[in-house]
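Below: one structure in structure tokens.
Labels run A, B, C and D following the written order; every chain starts at residue 1.
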Amino acid sequence: MLLSAPFLFLIASAVLAFIPQRLRAPLMLVTPVLALISIIGFGTGNHGVLNILNFELVLYRIDNLSFPFGVIFCIAAFLASLYAWHVRDLTQQVATLGYAGAALGGVFAGDLVTLFIWWEATAITSVFLIFARGTPAAMATGMRYLIIQVLSGVLLLAGLLMHFHDTGSIAFNHLGLQSTGTWLIFIAFGIKCAFPLMHNWLQDAYPAATVTGTVVLSAFTTKMAVYTLARGYAGTEMLVYIGAVMTLFPIFFAEIENDLRRVLAYSLNNQLGFMVVGVGIGTELALNGTVAHAFSHILYKSLLFMSVGAVLYRTGTSKASELGGLYRTMPITMVCCVIGAMAISAFPLFSGFISKSLILDAASKNSYYVVWFCLVVASAGVLSHSGIKIPFFTFFAHDSGKRPAEAPMHMRIAMIITAFLCVFIGVFPGFLYSILPHEVSYKPYTFSHVLTQMQLLCFALLAFVYLMKVGLHPHELRRVNIDSDWVYRKGIPSILPGVAASVIALNTRSREWALKRLERLGIQVARYASPTGPLADGWGVKAMVGAVVVLMFAILLFNLWPNA
Amino acid sequence: MKIYARQRHRVLQVITRLLVPFVLIFGLYVQFHGDYGPGGGFQAGVIFASAFILYGLIFGLQRTRRVLPPSVLRWLMSLGVLIYAGTGVLTMLLGGNLLDYDVLAHDPLHGQHWGIFAVELGVGVTVTAVMVSLFYGFASKR
Amino acid sequence: MMDQLPALQVMLPMVAAPLIVIIRHPFWSWLIATLISVCACWVSWLMLQQVVDGSIIRYAIGGWEAPTGIEFYVDRANAGVALLVSGLSSVVLVYAYHSIKRTVDTSKHYLFYAGWLLCLTGLIGMVITGDAFNVFVFLEISSLSTYMLIAFGSDRQALVASFRYLVMGSVGASFILIGIGFLYAATGTLNMVDLAARIPDTESPRAVLVAFSFLTVGLMIKAAVFPLHGWLLNAYHHAPIAVTAFLAGTATKVSLYILVRMFFSIFGDEYSFGYLLLNWVLLPSAIAAFVTMSLVAIYQTDLRRMLAYSSVAQIGYILAGISLATQQGLTAAVVHMFNHGMVKATLFMAVGCVLYRAGHAHIPSLERMMSRMPFTTTAFILSGLGLIGVPLTVGFVSKFTLINALMEKGWWPAVVMILASSVMATAYIGRVVYLMLFREARESSASGEGYQEVPLLMLVPMYALLALGLYFGLFGSQTLGIASGAAESLLGGYQ
Amino acid sequence: MKNDSQKQVSDDSLTPLAKRFLWVESADKVRLAIYILAGLCAVLFILDFVVHRHAYAPNENTPGFYALTGFLAFSFIVLGAGLLRKLIAKPEDYYAPNAVDAEDYPEEGLNREEFAPDEIVENKPGSGS
């Protein structure tokens, strides 16, 4: 069991702390490779079945659905480690491996209890990637992130307990929305999957992480959530509509967002929407689409985060308003970024094309026409914020005058490998299709499909050109845009003083009274429980004998009762 | 308790000297007659010890300690327990259950006889030693 | 020889104790005690193997068959408890060598180890005997030697503590004796199996009732059930730490075992709980135990005392499981006896290590223990997690089973109370852990020399026990399986 | 497209890869690119009338459906987003000090390095750091 992929990561992350500096980065590269070998070596089936407390815990379930996620997680961990070769911060290194291991553990968990443990582990390990930025603001952001993640875990725990109480089983198979317990689990998954109105943590936290941390963060948590949804709630119709909303609304926010890493976070949210729609449809084709899209998404989203991260690494900013014209001195980063942008926009011959179309096809085949149309619109939107905005405002547009050096060697290698994979999957979809959960008969490269996609994208591009020429395209401004998280970040805190003031004004006396009571209670408790207090001390022989008499009396009384 | 070891208790001393052997013999009698009649290790031990206690009352602690040093007592205490437990172990070694005296001799009757004898001896030795050391303990501490 | 195991179990330490007194050599007496204890442990392991399938060993002492003679009665339940007792004794004895050398005068070592073996004899005897009066005899053997062991504590308070325990223990023992006497008067037998058979048709139910009440209260004193726990605190606090570790793991558990045996096997759960409403006494005192004692533990300043209070609280959990009188509740109780025995012994051993180097166990002075005694601190923290009941530890296994059992019966308030007391346990363990790990040493104590780690002979047994605890935490189904079998044996009464 | 005075790096010292993209500086060439795009769009649009597509969704077969959708959706999103910004945009330090929006990325996590043409020329692209 120690050789299973999650534990390999955990062991490696523990070992990191004890080996010299120069061996750490290589170890981080080797671990994902070993883990991948382990996943393939174990083969499909339930491994590591433990019987604890009469529960059957399945620590390592490899099947058609979890296998592709395991593979892509290993790849993502490898690429992120390569990208982070320069990092000398032990905390981040340990967190990276631990986080990847926890996410793998979640994906391979065959029961809800194991899932819960890994679920919380992802939260706890990943937050260090945000803390590692080291500023007080990052600490605050990390705490917000952690609270929401842990809340998700708590909901999962509550849900699984209720589910266990209802059914007597903790197996993690199809759950469906059938009871309060499964609803709670659904919400827990939804939080990590950034459902609308539960999404804020994503956009809040990812831009606050370190350069390399964001790359790591982007790969795991949300995709683990997509996996759990696909496992537990495939075919739940509500997900189709949730997913449709998810694809649409982040686009608008992404469009006007200045921080490019937050743009990418919104775009990540939008891409998750596609996957959630796939899960909601729940047919074999749709699930294939979800898995395929998660697979290719991890790659191109990592690539985009890497390129923006490289820019940040060299220039100190990732704000669109501060950047521009960097193609001169960072051409390789630029090319990689453009490849990532084309992949996410689903240009033919790129990975997004062959995965997203599965979901779109499933939507129209199952008569979700409105949703299908939303997805088409969203595809145009993806082009707007990720396909054009990211590379254009970073590397072209107006010249910011910045002349940073090209990204470091290891970053370039990481980006080139990732870019290659994006193209490779797009050109040879068979490789990806062969590891999908179900048999794939879909042919992405039909003439009409290529044609319609090209029409969509080219006309969208045309619209972009037109809007730029007319000057209607929003300028990049140093602004933040409030999202629904305003409610708990500003709204409630701003109302609170007012409410509190009125409460105080109205109830000063009663509050004081209550506080005094509480304080007195505290003092009383402390007095009784303190080492010299009566609860703790004073159990002399006399008191004890007294207690004996009382107890004896009580027992006799209770015993005689029925006789009398 | 105060120990008087003075000349003016000559009468007591003489009588004690006379009494002690009889007490001891009576103790032994109770001990060894225990398996047929009233008696046994506990009673015998106490009677046996009372001889020493009497001696100690009259002649003082020092002299009694010379007769029966505490180190010997400790040894005797353990020995008694060992005799008792050893009998049990012996029966086990001989193939019976714990304290199954039947196996100690050729026929069960003799076996029972020997077994009780040994066990009671152990009890007697221990009780004697414990009683005397209790006496020492109380007498020496004020 | 295999059929002589029950007798061997008792005779080994009993023969060795006087031998040690004769030998009188500190080292050799330690070695003999340890070896004998290990042998006893091995014997009880073999015994458990014989009965784990549900069979029963009945060993007639002196060849006199049951109702007439005294017998040892071994089934799954008490073989397990015997293994716990002898196993903990062995581990703690290995550990005790250095620790005792520090606290007890060398010239008295032989007495200490002889007393230890006698205590072991008594405890094991209580567990495996099938005769009610014999229970009392062995109880006295173990109690008397325990008083002695406690009095070996290094400070003068130890004598007082020992004396207080002696008074309370004697009250308890006499209650038990009176109870047994009434039982004998009512039924004319002392053999437990026979008692169980005769009690239902006895002509004097009042006498049985009184016997039941006396036995219950007497055993509750010996088991330190909540309002009767007063002796335990000082005893655990002032006894030599090895003794505390041993007693905390075994003595109260054995009494609880006798209590369970009595409730379920002799009187039968119908009688104890269905008819006599005992859970109106047991459950309230259990809940009061784990709520108030956990609360009190938070405020303690001495580590030993804190753990002593926590012990009383944990006994409350076991009692709560017993008072459920269901298969699952009893399983929880039995498994918690084991788990808590292991965890608490480990914790006290860790405290002993601290005492060994620091000379005190004053909680506020334990800052930065991690940097001074990393291994000890790690052991303390890990087993502390087990005490709290963090998932994947033994504490979780038993607490979870208990909560499940309570929920099955629908006793939600009790569940809430358990959760509340778990929070308190987190508070009192967490406070110590926080101090040990994080707080910067104050100037005054920082100026003192850093401690070193304790000798290997102390670390190894501690870690062995810790590893065992972790193992059973991960693979809880093994202990649960045995405990469930034990519960079955107990609930089923005598065949 | 402007501010040549800001450049400390002359275009000649750029790497060959970067030089290939210099056309974006020239307004003519950009215009040419736009014409090419427009031409491509026209071709794609016409193809729609020629090719028969198999479709599930209603209207999907209507010629120009995708073209129109792409153009309109994009415009709608961009314009809608512009309006949205009017509603929700706040100064960058709106959430400060509890958010990273307004702060600079900590220097210790960065490796700012100016482009050094000599080094690139010597080593050719793909080296450095």
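Methods note: a residue touches a chain if its C-beta (ideal position, glycine included) is under 8 Å from a C-beta of that chain, and two chains touch if they have at least 3 such contacts.
No experiment lies behind these values; they were computed from the predicted model shown.
Asker: Name the two chains that are joined by the greatest number of C-beta pairs in contact.
Answerer: Answer by contact count: the chains A-D.
Asker: Rounded to a whole Å, what is the gap between the Cα centroids of subunit B and subunit C?
Answerer: 36
Asker: How many angstrom lie between the centres of subunit C and subunit D, each centre taken as the mean Cα position?
Answerer: The separation of the two C-alpha centroids amounts to 73 Å.
Asker: With chain centres taken as the means of their Cα atoms, state the distance from subunit A to subunit D in Å.
Answerer: About 27 Å separates the centre of subunit A from that of subunit D.
Asker: Just the number, please: Cα centre separation of subunit B and subunit D in whole Å.
Answerer: 107
Asker: Looking at which chains touch, is this a line, ring, star, complete or other?
Answerer: Here the contact pattern is a line, an open path with two ends.
Asker: Report the residues of subunit A in contact with subunit C in the complex, numbered from low to high.
Answerer: 50-54, 117, 165, 525-526, 529-531, 533, 535-536, 539-541, 543-545, 547-548, 550-552, 554-556, 558-563
Asker: Which residues, counting only subunit C, touch subunit A once they are in their complex?
Answerer: Within the complex, subunit C touches subunit A at residues 164, 167-168, 171, 175, 205, 209-210, 212-214, 216-217, 220-221, 227-231, 233, 275-278, 280-281, 285, 292, 295-296, 298-302, 305, 309, 391-392, 397, 400-401, 407, 474-477, 480.
Asker: Using the touch definition from the top, list the residues of subunit A that touch subunit D in their complex.
Answerer: So the residues of subunit A in touch with subunit D come to 86, 133-138, 140-141, 204, 207-208, 210-211, 251-253, 255-256, 258-259, 312-318, 327-329, 331-332, 334-335, 361, 364-365, 367, 369, 372-373, 376-377, 380-381, 383-384, 396, 398-399, 401, 403-412, 447-448, 451-467, 472-474, 477-483, 489-490.
Asker: Once bound in the complex, which stretches of subunit C touch subunit B?
Answerer: Touch list, subunit C to subunit B: 4, 7-8, 11, 14-15, 17-19, 21-22, 59-63.
Asker: Which residues, counting only subunit B, touch subunit C once they are in their complex?
Answerer: 74-75, 77-82, 85-86, 88-89, 92, 96-102
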